[in-house]
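Per-chain numbering from 1; labels A, B, C, D and E assigned in written order.
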Amino acid sequence: MSSSSETAATQATWTPDRPIVSIHGVHKRFGDFEVLRGVTFDVMKGDVVCVIGPSGSGKSTLLRCINALVPIDEGSIQVAGQEVHDPKLDKLALRKKVGMVFQQYNLFPHKTALQNVMMAPIQVLKQDKAEVRERALKLMKKVRLNGKEDAYPGELSGGQQQRVAIARSLAMNPDVMLFDEVTAALDPETVKEVLVTIRDLAEEGMTCMLVTHEMGFAREIADMMYFTDNGVIVESGPPKEFFANPRDARTKEFLGQIL
Amino acid sequence: MSSSSETAATQATWTPDRPIVSIHGVHKRFGDFEVLRGVTFDVMKGDVVCVIGPSGSGKSTLLRCINALVPIDEGSIQVAGQEVHDPKLDKLALRKKVGMVFQQYNLFPHKTALQNVMMAPIQVLKQDKAEVRERALKLMKKVRLNGKEDAYPGELSGGQQQRVAIARSLAMNPDVMLFDEVTAALDPETVKEVLVTIRDLAEEGMTCMLVTHEMGFAREIADMMYFTDNGVIVESGPPKEFFANPRDARTKEFLGQIL
Amino acid sequence: MVRGFFNTIYLSLICLALSVVIGLVGAWLQGSPLKWTRRIVQGYIQLFRNTPPLVQMYFFFFALGSLMPRMENEYGIMEPVLSNWHWAIISLSFFAGAFNVEIFRSGIEAVPRSTVEAAESLGYTRLKTYIYVVLPLAFRVCLPALNNNLVNLVKTTTLAYAIAVPEMLYVANQIWSDSVNVPEMMTFLLLAYVVLVGLLVHVMNRWERAMRLPGYGV
Amino acid sequence: MRAAGERLYGTTDLPVLLPPGERLLRRASRERTDGVPRLTLKAWHGAVIAAVVLLAAAAAQAQGAAEARPGVLTALWKWVPLLVEGFLFNIAISFLGMGIGTALGTVLGVMQISLLPPVRAGSWIVTQFFRNAPWLVLLFFCMFLLPFEFRVMGFVVPFPDWVKATLGLSLPVMANVSEIVRGAVQSIPSGQWEAAESLAFSRRQTLVQIILPQCIKRMLPPWMNLYAILTMATVLASVVGVSEVMTLTQRVLSAESRPELLVPFYGFVLLLFFMYCYPIARFTHKLELRYVVKL
Amino acid sequence: DVLDKVMERGTLVVGVKADYKPYGFLNPDGDIVGIEPDLAQDVADTLGVELELVPVVASNRMQFLDQGKIDLMIATMTDRPDRRKVVNILNPDYYSSGTNIIARKSAEFDEWEDLEGVPVCGIQGAFYNRKTQREFGAKIVGFTGTSEALNALQQGRCAAFVYDDSFLASRLQEAEWSEYNMPLQTIDDAPWGLAVKHGEERFARFMSGMVVKWHVDGRIVELEKEYGIKPTPFTQRMHELFSGFVPKEEG
């Protein structure tokens, strides 16, 4: 398979003791507006990183840069030792390593839940259908959706859809999962369902980057917290410290708003 | 004015020491599905009541029944002594007494913020334009939107739109305000803005019924908490007790989910 | 009359199929990176959308028809290779096709960018995204508009009478100038078309319903 | 429950009413900041028009070159005033037909959303019937079943052909407008109705004050599209002998008795329509961008 | 009755063809001219009223007369029994034409039977198509106007064009049509009649008188010459028959 040889090639330059995602001095402009203004941080394999910050501070943009959905203007982003910013980069190879789950789920509405999960491995990785199916069924179970395989996205609740989206990304066997406000607009119980799923993943050692507004969850799950404002990382640290003793004034203000 | 004579007539049978909203054994079915299955409680004038509960438990439906937006199948709902369920009911008179703010704001997009606030008093209550205008300007100030009078809804942020919607309802001088998840889908800072506005109202003695998922807020503002599940009220009580010592298993489970 | 009825159906079916093909190809060409390809398609659309189909038909038949190569036929006349049937089919298909291009294009544009992104982040290439995600969705979005246009097309086949294609109106016209019963013929025509179009609407609606995305709200 | 998109876009007769994509959204926001829809008639639009003229003339010259008779363009020039006059007549018919059709169609459309089931069903049937019947056939009906004059209280009100043709054309317009109105009203989120209701607006007030004003913007593009379609349909009046541009062209052609003139004359008619309808189409497109997205 | 109405109104409304050169066609001013409008003018002059011409087509001319939209129809209408039931076709007929075809000389048609199965252009709804189709088995390809049909013939869409003989004869005089001829015998010589509404006896009698008068003083032959067509045998015969007979004038 092309994907496995790919992985072998890049792993030659990357060892597990180095950060799996390494972001360095990243700038991103949309026209005149500079969304990211020099963001730098590293994520180690198996870490769970939470990014919080006010609306419009560039959190989603950052995740999208990591996944090469938007090009960056300056700086460097490396995933497993491979430069994302490289114009010669094989985007498809990168995306096989990085899974992304969106706030709006973005499921394919014309396919059932199971088909949504199976599509990419079959059509992109050209894997064997029966094999993929078996794996997809396992994933559905993992996100606690067994029984809903044949439902269309329109027939699922928000939380269920969100979990299908997670399973869909997992089916590609990524090294890193990016979650962009996956629980906004869900009710507390559904939020819980989704978060439990993510926690399971984290416990299995998946590298996760989350953008979230759920402080309670961030506090429980994160190995590292990052607070962004105006395109820069204002403060970071392990959650206990971060929530108990924010040093920066802006962080204090933001955390103060939370009821 | 017909409205004032109305009020006089109904106030004859209602005294401020009796509940302003009195709900008794309300059942509501959509087709085969029974959304409300015998809901009973009272709201005293000036009280702030919060209704919480899982998604689909009938919270929105209950508010909509109080406002006669949907008819009920059984039971009785009285607002200021007047039966809402009465087929001969003058719905318009009722709605002058009950204001409602929706999750999706539902502002009129073809009118400016100020016009949105002024429309109903002028066209429904036939009040004097200059007078209404003055009052509307005061309301805009009250919801901290002075300066945004001439903006169209499309030009306002979510939180600002939500506050215009509140002002619009207040302009009708209602006796009771119903708020249906007015802060879902807003970011934490905007949530704060809207909640401060509601707190101001509560402090001025307005009777408020809120459906919310914001436990922190509910705890702070509510005089009474109600927990609904499956179309019935499972538990109720003053917030301190309610949050500290939930008696019912279902309530315990629900509150346990909240991070 | 029965012949005319079946000719109308035949003409309609062929034009329906062709116009859909033209629409698909045109929409695909409109997404082309070549500026001139897009412009030519755009010119085609505007020209056909903004002129009366009746006049188009004449123009096609008489102007372009005369430029066509000829072949000797069984009567020893040099006959153009394309008959009036062909021209009716061509001009009606191109007319409806011009609308279809726009319909398909807006259907494609209606597919949310975020869904395309989701596919891309799963490693789909552009072409695969198109085939597996964009087109199936676009097709569902534009189905109602497509239905309407196709209904219009069936109604427009009456115009083929102008270049002597024996469809229903032509046949009716022959009969009523012979015998003096215009109102009866008109009633028949009206009913025939209402039935025909009603049938098409019914079939398309069933199809639309079958293609409906369960619970999909956009 | 029908999907929102279907409700919004599936109910008009006009193909261009689809949700705009993001490219369009961006263009729309640019135009909104400008405040006016930019009606750009770029150079190549002119080139297309010129090409049509040249094509028509060239084809004609090619055919007519061998003749010793006056040139094709001379012949065409001689008749231009008459043809243009005929075309103005087409425009007059289209204006009138649109006016009548819109007035009737709006009423019919509002009836389609009435709370009374019989009214709703009745207006639905009427709408569907006139929407599905071919324009030409409706035209014939009006031509032959309406009297040529009315007697109102002793006065004889003449009822000329072109009025009948106008009525015949306004029937399908009515049905389409009815659908446009219904589609637009149903495309307004139900939250608007509820909000108005909870503010104690009556149904009539809600419709007049809240819903219809929001609809107008949405209806404008399909309505203008319909107008262009109607304009192009006015040539159908030739079939029933109304002296509009197509009829005149045919008469002129038989007066000239020169078959080679056929192509330039029809080319000229095409050109007339294109020059009238194309700017309308562009403008409609601009409006569409402005309004479909705004709400 | 109509006559009174016409006199009262001061205008005579006549339905004529506007797409049938030379019987009725447009001039660049948009007026209808030709043999039939001239005849209509004669009638109006005789009555001392204004003339108003209404263009008619085959499919609406009888309805118009029946509805009273026109008072009189002079619209190249063939006199046929089934039409006599609908409108009052006057005696005597004022004109006549035969059915004939033009075809490329190379086509070599000798008799009508040769047309069996051959595509023949015609005008939609024209009388001439009838026999050609029914008795000789030609495949009629009907167009809306003569220009269209002639163009189609030139393009080779049909082997011949069937229409009225005098129209075809005048075409053949033009250089453009030198490749073509009228190879067959004119058949089906059918008279054309003026028509008024049934029940209008007085007006019918008056109009019959007008027709007789035209035949007597050779007006129609004169007009044929004026519009550049060869006088048809029918009009000449009628002129000979009627000359010397002086009609009693009415009105």
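Keep in mind that, in the parts below, a contact is a pair of C-beta atoms (placed from the backbone, for glycine too) under 8 Å apart; a residue touches a chain by one contact, two chains touch by 3 or more.
What you see is a predicted model, and the numbers here were worked out from it, not measured in a lab.
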{"item": "Any chain in contact with subunit B as well as subunit C", "value": "A, D"}
{"item": "Leader among chain pairs (count of C-beta contacts)", "value": "C-D"}
{"item": "Turn needed to bring subunit A onto subunit B - CA fit, degrees, nearest 5", "value": "175"}
{"item": "Separation of subunit A from subunit D, taking each centre as the mean of its C-alpha atoms, in whole Å", "value": "51"}
{"item": "Inter-centroid spacing, subunit E versus subunit B (mean Cα positions, whole Å)", "value": "83"}
{"item": "Inter-centroid spacing, subunit D versus subunit B (mean Cα positions, whole Å)", "value": "47"}
{"item": "For subunit A paired with subunit B, centre-to-centre distance based on mean C-alpha positions, whole Å", "value": "38"}
{"item": "Shared-contact residues (touching 2 or more other chains) in subunit E", "value": "59, 63, 144, 148, 151, 154"}
{"item": "Touching two or more other chains - residue numbers and ranges from subunit D", "value": "144, 262"}
{"item": "Interchain contacts, given as pairs of chains that touch", "value": "A-B, A-C, B-D, C-D, C-E, D-E"}
{"item": "Complex contact set, residues of subunit D against subunit E", "value": "67-68, 78-79, 81-82, 85, 143-144, 147-149, 240-241, 243, 247-248, 250-262"}
{"item": "Residues of subunit A that touch subunit C when the two form their complex", "value": "67, 69, 91-92, 95-96, 98-100, 102, 104, 106-110, 119-120, 123-125, 151-155, 165, 168-169, 172"}
{"item": "Residue ranges of subunit E in contact with subunit C within the complex", "value": "58-59, 62-63, 82-83, 85-86, 104, 106-108, 118-119, 121, 124-126, 130, 141-144, 148, 151-152, 154-159"}
{"item": "For the subunit C and subunit E complex, residues of the former touching the latter", "value": "58, 62, 65-66, 70, 75-80, 83-84, 161-164, 170, 173-174, 176-180, 182"}
{"item": "Residues on subunit B engaged by subunit A in the complex (per definition of touch)", "value": "54-55, 184-185, 187-192, 195, 213-217, 220, 254, 257-259"}
